[in-house]
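You will see two complexes here that share chain A, one where it goes with chain B and one where it goes with chain C.
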Partner chain A sequence: MSNVVVPTTLDEALALLAADPQLSPLAGGTDFMVEVNHGARRPVRVLALRAVAELRGWRRDGDVLVIGAGCTYVSMADPAFAVAAPALAQAARTIGSPQIRNVGTIGGNLATASPAGDTLPVLMALGARVEVASTEGTRTLAVDELITGVKRTVLHPAELITSVRIPVARGPQEFCKIGTRNAMVISAAGIAVVLDREAHTVGCGLGSVTAAPVRATDAETFAAEAIDWSTLRAGAGTTERFGTLAADAATPIDDHRSTAAYRRHAIGVMARRALERCLS
Partner chain B sequence: MTDVATHRRTGAPRVGESAPRPDGVAKVQGRFAFSSDLFAENLLWGQTIRSPHAHARIIDIDIREALSLPGVHAVLTADDVPGELHYGLEHQDQPVLAADVVRYFGEPVALVAADHPETARRAAAAVVVSYEPLTPLVDSALAAQADPIHPDGNVLRTLTIRHGDLDATAAVVVEGTYEVGMQDQAFMGPESGMALPSADGGVELFVSTQWLHADRRQVAGCLGLPEDMVRITLAGVGGAFGAREDLSLHVHLCLLSQHTGRPVKMVYRRPESFVGHVHRHPARMWYRHHADTDGTLVKVEARLLLDGGAYASSSLAVIANATCFAAGPYRVPHADIEGTVVRTNNPPCGAMRGFGAVQSCFAHEAQMDKLAAALALDPVELRRRNALATGDTLVTGQVITGAAPVAEVIDACASHPLPDLAAVDEQPMMHRPGGAGRTADAHHVRRATGFALGFKNLLFSEGFDDYSSAVCRLENGAVTITCACAEVGQGFVTLAQQIAREELGIDEIVLAPAETATVGSAGSTSASRQSWMSGGAVQAACRAVRGRVLQQVARRRGVALDGLVLRDGIIESLDGSVRVDLADAVDGPIEETAEYHHRPTQPLDENGQGDAHVSFAFAAHRAVVDVDPELGLVRVHDMTTAQDVGRVLNPLQAIGQIEGGTAQGVGLAVMEELIVEDGIIKNRSFTDYLIPTTLDMPTVRIAALIEEPEPDAPFGAKGIGEPPTISSTPAIVAALRAATGLELTRVPVRPQDIALPRS
Partner chain C sequence: MSTQSYRLRVNGADHEVAEGWIGESLLDVLRDRLGLPGAKNACEEGECGSCSVLVDGVLSCACLVLAAAAIGTEITTVEGLGAEGALTDVQQAFIDAGAVQCGFCTPGLIVAIHDLLDQDASPERLVVEEALSGNLCRCTGYGRILEAVDLVAARRSAS
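What follows is the complex of A and B.
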C-alpha cells in the first residue's frame, strides 16, 4: 500500500486508523513536517486529513460554535468567526506566518500539545469541549483532560480529534501574547481573558507558562465577584489584583526563549491589561 | 572597416545610474539556482558527523556499521585526509576533521557519502564516536590563565594602542562596561555545494563562498594537490555577510568525491548551518573617557575582550579593527587601548559585516552619550565638536588623507525632519511594541530618539598586499569581463557591466562565471572592498583594451592616437576623419588582464601605531523607538541615516545595502543572539534565532549620501555595505535609554532587561 493515504470521509479515515497502528495522522503539517525534516519523527505511513470534508470549516449550532479539527488559522481569522469567538480569532492571527496560518489547524494545535500552542489558553478560558472519535465511538474531553503534559495527550493511536465546541461569545474577550519580536514568533507567554455577561463568569487561560494547559482559577473567581456585571465596571485595584492572581497561577521555566521571572511578570501585566480592555 | 553614422546606446545603466540586478526577478520567483540546487548524474550525498561535546577527547571512531549499510560509499575520518590536516584563513589551526580532540560543539569528526541524503543521515547516525568529555573553557575572561585548549595557546592576539600622553586626564571622566552578544549572519541559503572528480585526478568544486582563490589554496593544501588541479566555481550564493569567508564543507566534499570517484553534494540543514559557520565575536568592553568641560575629548581608555571560540578564523583582523576604531570617529589626542581576542570552547567566531567595529561602536557611542549627559551637552553637538576630518590623526597615529566628511554626515542625519513624536495613538496596534501579540495600548508606549556615529576601514589592512584581477576581452564587438569576484548579493554583477560600459562605451557586456581556472584572485568579497578592488581591476582591464583598440585604429588610419576618442561604441577622431564602430575597428580578439592593488599599508608597531588602513567610511543613524517599558517590548519606529559613500555607483543597490545593513543592526539591538550555554548553541533554528520581520523593521530614511570623492578609489567610490550595520545598533539603544532611563549596557536588549532591570 501507499505510504500516504488520503481518505475523503471521516469514517474512512477512522477505519484506516483502526486497521493500521503505524499510520500517523497529518493535518496542516506545520509541526509534523518540521519534525520529519529534523529527523525527530520517522513516520512509517501517513494519514493525510486534508481531504476529509467533515473536519473542515466551522458552523454555529445555537449558542455553540462547532469548529472542525481541520479548520485552519486563516479561517479562524475570518471576520464572521471573529464576531462569534473574538479571542480565538485574535490568537489565530498571531500564529506564525501567512503560510503557516493557511495550513495550520486547530486540531493540530491540540494534538501537538505544545505549551506554546496559541489557541490553547483561549480554549481553556472558554471551557472548550474537544470531540475525539474512533471506530469504537466518540468521547468528549476538556482541553486539560486531553493534554496532560508537554507534547503529551490521552489520545489513543486509533483516535482522531474531530471538532472543538466553544460557547459563542457573550461578552468581551481578549488574547495577547509575547515573543521577542513583533510577529512570527513562538509565544514566551500568552493569556486569554473571556467575560460571560450572562453567566457572570470570567475565564482566564495561560499559555507558555505551564507544562499543561491551566486556567488561573483564583483570578477568575476573584474577577467574577469584583465585576459589576450590569455596567461591566470594577472597583479600583481590581485589574491589578487580577493580574497578580493570574501571575500566581503560572509555573514558568527559564529557557532560551525567556526567563521564568519575566514570563510570570508578563502574565501579570497582560492579564491586567486584558481585563482593562474587557471592562468599560 | 566601415564608417558608421549612428551612436549605439541602448540606455543600459552606466556608472552612477540605477542598475537592477539581473537575478532579482528569478530570485523572487524561485527560479534562481542556488548552490543547494546543484545536480549531477550519478550523484552521492555527503553528511558530516559532528561533535556533541564542546570539549572532549576522541577515544575511538567505529565506522564499521555505517560502512556496511547498503547505499553507503564512503566513511572518512581524519586518517583519510591526504594533505594538510589543518586549514585557516589567517592561521592554519583548524582540523579538516578532528583527530584526537574536539574543541567546539558541532566540530566535524567524520564524513559519509551515500546514494541518498536520508541514507547518508542514517549512516552518519551509525558512526560510533567514543568521547571522553573534558571541561569546556567557556568564559573568555578566564581563557588567558586557563590551560591551553589548543597547542597554539588561548590568547589569539593582544593589540595595544598607546597614543599621546597616557597620564593625561581632564575635568570630566565617564566610565562604563559594555557587552555584545553573539550575533549570527543568518544568511538564508545554507552551506551547500558539489564536488566532481576531474579527468586529470583533480577536483571541480561548485560552492557558495566569498573568496574562491583563498578556498582553492586551502582545499588544495588539504587534498595534497597542486592548486591548478583544484577548480572552484562560484555557485548561487544565498547571502554571506562574512559567514562564507572560512571553509565549511569545501574540503569535505572534495575528500568524498576524490575517495568515491563520483560527484558528491552536501546541503547543511539549518541546525547544522548554525554550527557550520563562524559568528560575530561576543565582546566585553571597559571604557573610560576624559573630556574638557566644553566637551573636547582628551583621552580614551579601553579594554576589549573578544571571544574567538575554538579556532582563529579571522580573529586576528577582527580584534585589530575593534581596537583601532575603539575610540570612534573622533579626534582623541591621548589613548590607552588594549584589545584581546582569546580562544575558548565556544563556537568559532570570525567575519561578520562590520568586523570588530560593530562591537566597539556600541561601547564608544554609549560613552559619548554618557559624556554628553555629564556635560549637560546635546549628544549630537558633542559628536560634532569632536568629529574627525581630513587631516586629523587617528589613535593609531595615522593621518586621514582621504575623504572624511564626518561633520556633514552628522549634520545631514541630525537635521533630517523627525517623524511625529506624539503619533503613537494613531498607529494600528500591530505597529506598536509587541506587534501582532496585541500587548500594548497607546498609553503604554513611550517614544524616544537616539543618535550614533560609526566608522570603519575599507579594504584589507596592516600591510596585507591586497589585489584583484580581471580580464577584459573584446571580440566581434562584444565584451566579456572575467573576474573571480564572488557575487554574494553586493552587486558586482551589475557594477562590472556598468564600469565596462563606462570605459568602453559598449552596452552589451557579458560577465563570465566567477571561477579559479580562468583568472587570478579577486580577493575576498568582504571589508567593503569589491567595488573598489575588483571594480578597479575591471576598470584597468577595460582601459587596457581601449588603449589597444585606439592604437590599432590610429595606426591603420594614420591618425594621431591622442586625437581619437571612444564614445558609445564609436571611435571618432577629433578632426572628423575617422568614425568607426568599435565592433568593426579591430581584427581578431583583444584581451587584457589587469591586477589592481590598493596603496600599501603598514603593520602596527608595538604601540599600535602605523598607517595600517587604506581608507575609512563613516555613517550616522538616528533611531526613533517605541517602547513598552512595563513589558520591555520594543518597536523601532524610524531609522534615519546619512553615510559617507565617496560616490554612488548604483543608487538602487546603495539603498539596498543601507536598508539591509540597518536591518542587521536592528536585529543586534533588540533580538539577534545565539544563546550559548556551556559551549552549546541552544537556538539553532530560525524558530528561535530571531531576525527582524517586516513588522520589526521601520522604513529606513536616507537623509543624505555624502558624495565627497575618495582620492585613491576608482570613480571616487567608497564601499557601502558595512557602515549601516555599525551605527544603527547604538542609535537604537541610545533611544531605548532615553525612553526608559536605564543604562542598557548589553545588546541585544532583551525584554527582561527593560521590564525587570534588577533581576
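What follows is the complex of A and C.
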C-alpha cells in the first residue's frame, strides 16, 4: 500500500482510516506541515483529503448552512457566503494570508483545536453542530463537545470531521480579533457576537482566552434581556456591561503572544465594540 | 523512515521523485530534488511567502504542501511563469521600479503578483496590499514593489 493516499470519495477515505491506525489525515496542511517541518510530527502514513469531493464547498439547506470540512477560508470569505454567515466570513477573511486562506479549511481549524483557531469563537456563538463520520456511522457534536482542551479533541483515530452546520444569519453578527498586525497574525484575543432577531437571543464566543472554546453565557443572557428587539437598540451602559461580562468569562494566560491582563482587557473592549456595531 | 516514489508535474513537465520521505514538503522537493531553487526557504511555516508557488493555479506556500500528496496537480514555480530565458512583465517591472534589494523575497512576490493581476487587472492599492500581505520583504519597505505592480497594470492596460 502507498504511504500517502489521496482518495476521491468519503467512503474510501473512511475505509482507509478504519484499516490503518497510523494513517494521519491531512487537510490544507497549514498546521500539519508546520509541525512536520519543525520536526514535531513524523507521519508514518498520510491520508490527503484534498480530493474528497464530499468534503468540499458549502451549500444552503433551508435555514441551515452546511459547510464541508474541506471548505477553505477563501471560499468562506466569498460574498455569497458572507450574506448567510457574516461573522464566519469576517473571521475567514482575517486568517493568515492569501496563501493560507487558499488552502486552510474549517475542518482543519476544528481538528487542530488550537485555542487561537479563529473560526471557533464564531462557531461557538452560532451553536454550530459538527458532523463526524467513521465506517461505524456518524455522530454530531457541539464545538465544545468536540474540543476538550488545548489541541485536544474527542475524535477517534478512525473518525473524520465531515461538515459543520450553522443557522443562516437572522440578525447582525460581528467578529473581532486583535494581534500584532492586520495580516498573517495569530490572534491574541478574538470574539464573535451573533444576534438572532427572531429567537431574541445573543451568542458570544471567545477566542484565544480559554483552553477550550467557551461562550460568555452571562454576557449573552444580559444582552438578550437588555436589547429592545423591535428596534435593535439598548439602553445606556448596555454595551459596557456586556463587555465587562464577556471579559469575566475569559480565563486567559500569559504567553509569548500576549499577557492575561491584556487579553482580558481586549475581550472587554472588543465585546463592547462588537455589540455596538450589531446595534448601530 | 516512511518513503514513497511518485511523480510530480512541475512547469509542464513530469518529474520522478524516487523514495522520498513522505514528510517532505513540496518546497524541499523542488529545491533539493528537482533543481528548481526559485522558491526560497525561510520560515517553513507559511509566514513569509518566499516559497509561493501555484498548485492547480492556486497561490500556495510550497513549504505547507506535502509533496507526495501533490500528485496529479499542475505545479507552477517562478521558473515556469515566463517563456524559457525570458522575463515576465512582472519581473521586468521589478527591474524598472527598483523593487529588488537583497532579492530573497522576490520570486515569491513575483508569483503572488502574477496571481493577483490574473484575477484583477487593475487592483486598488488596498487590494494589492492585502494580496501581498503574506509575502514579507525586510529590505524595501514595499514602496517600489507596489510601484512595480502599478507599472505592470498600466502596461497591460495600454497594450
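We take it that the second predicted complex is superposed on the first by the 280 of 280 C-alpha atoms of A that agree within 3 Å, B and C clash if a C-alpha of one lies under 4 Å from a C-alpha of the other, contacts with A are read in each partner's own complex, and residues count from 1 in each chain.
Operating definition for what follows: a contact is a pair of C-beta atoms (placed from the backbone, for glycine too) under 8 Å apart; a residue touches a chain by one contact, two chains touch by 3 or more.
For clarity, every value in this text was computed on a predicted model and none was experimentally measured.
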Scan A:102 for contacts with chain B and chain C and give back first, second, both or neither. second
Quick check for you: in the superposed arrangement, does A:6 touch first (chain B), second (chain C), both or neither? second
Looking at the overlay, what does A:242 touch: chain B (first), chain C (second), both, or neither? neither
For A:183, decide between first (touching chain B), second (touching chain C), both and neither. both
Is A:37 touching anything from chain B or chain C once the two structures are fitted on A? First, second, both or neither. both
Would you check which partner chain A:222 touches, where first means chain B only, second means chain C only, and both and neither mean what they say? neither
Kindly classify A:58 by the partners it touches after superposition: chain B alone (first), chain C alone (second), both, or neither? neither
Could you look at A:273 and tell me whether it touches chain B, chain C, both or neither (first, second, both, neither)? first
Going by the contact rule set out at the top, does A:73 touch chain B (first), chain C (second), both, or neither? neither
Check: chain A residues flagged as touching chain B and also chain C 37-38, 182-184
Can you check the complex and tell me which residues of chain B touch chain A? 121, 269, 271, 430, 433-439, 441, 444, 630-633, 635, 670-671, 675, 677, 682-683, 687-688, 690, 692-696, 750-752, 755-756, 759
Within their complex, chain A touches chain B through residues 37-39, 90, 93-94, 174-188, 190, 255-259, 261-262, 265-266, 269-270, 273, 277
What does chain A use to touch chain C in their complex? 2-4, 6, 26, 28-30, 32-34, 36-38, 41-46, 48, 50-51, 96-100, 102-103, 182-184
Quick one: in the complex, what on chain C touches chain A? 2-4, 6, 22-23, 25, 44-47, 49, 52, 58-61, 63-66, 68-69, 71-72, 112, 115, 130-131, 133-135
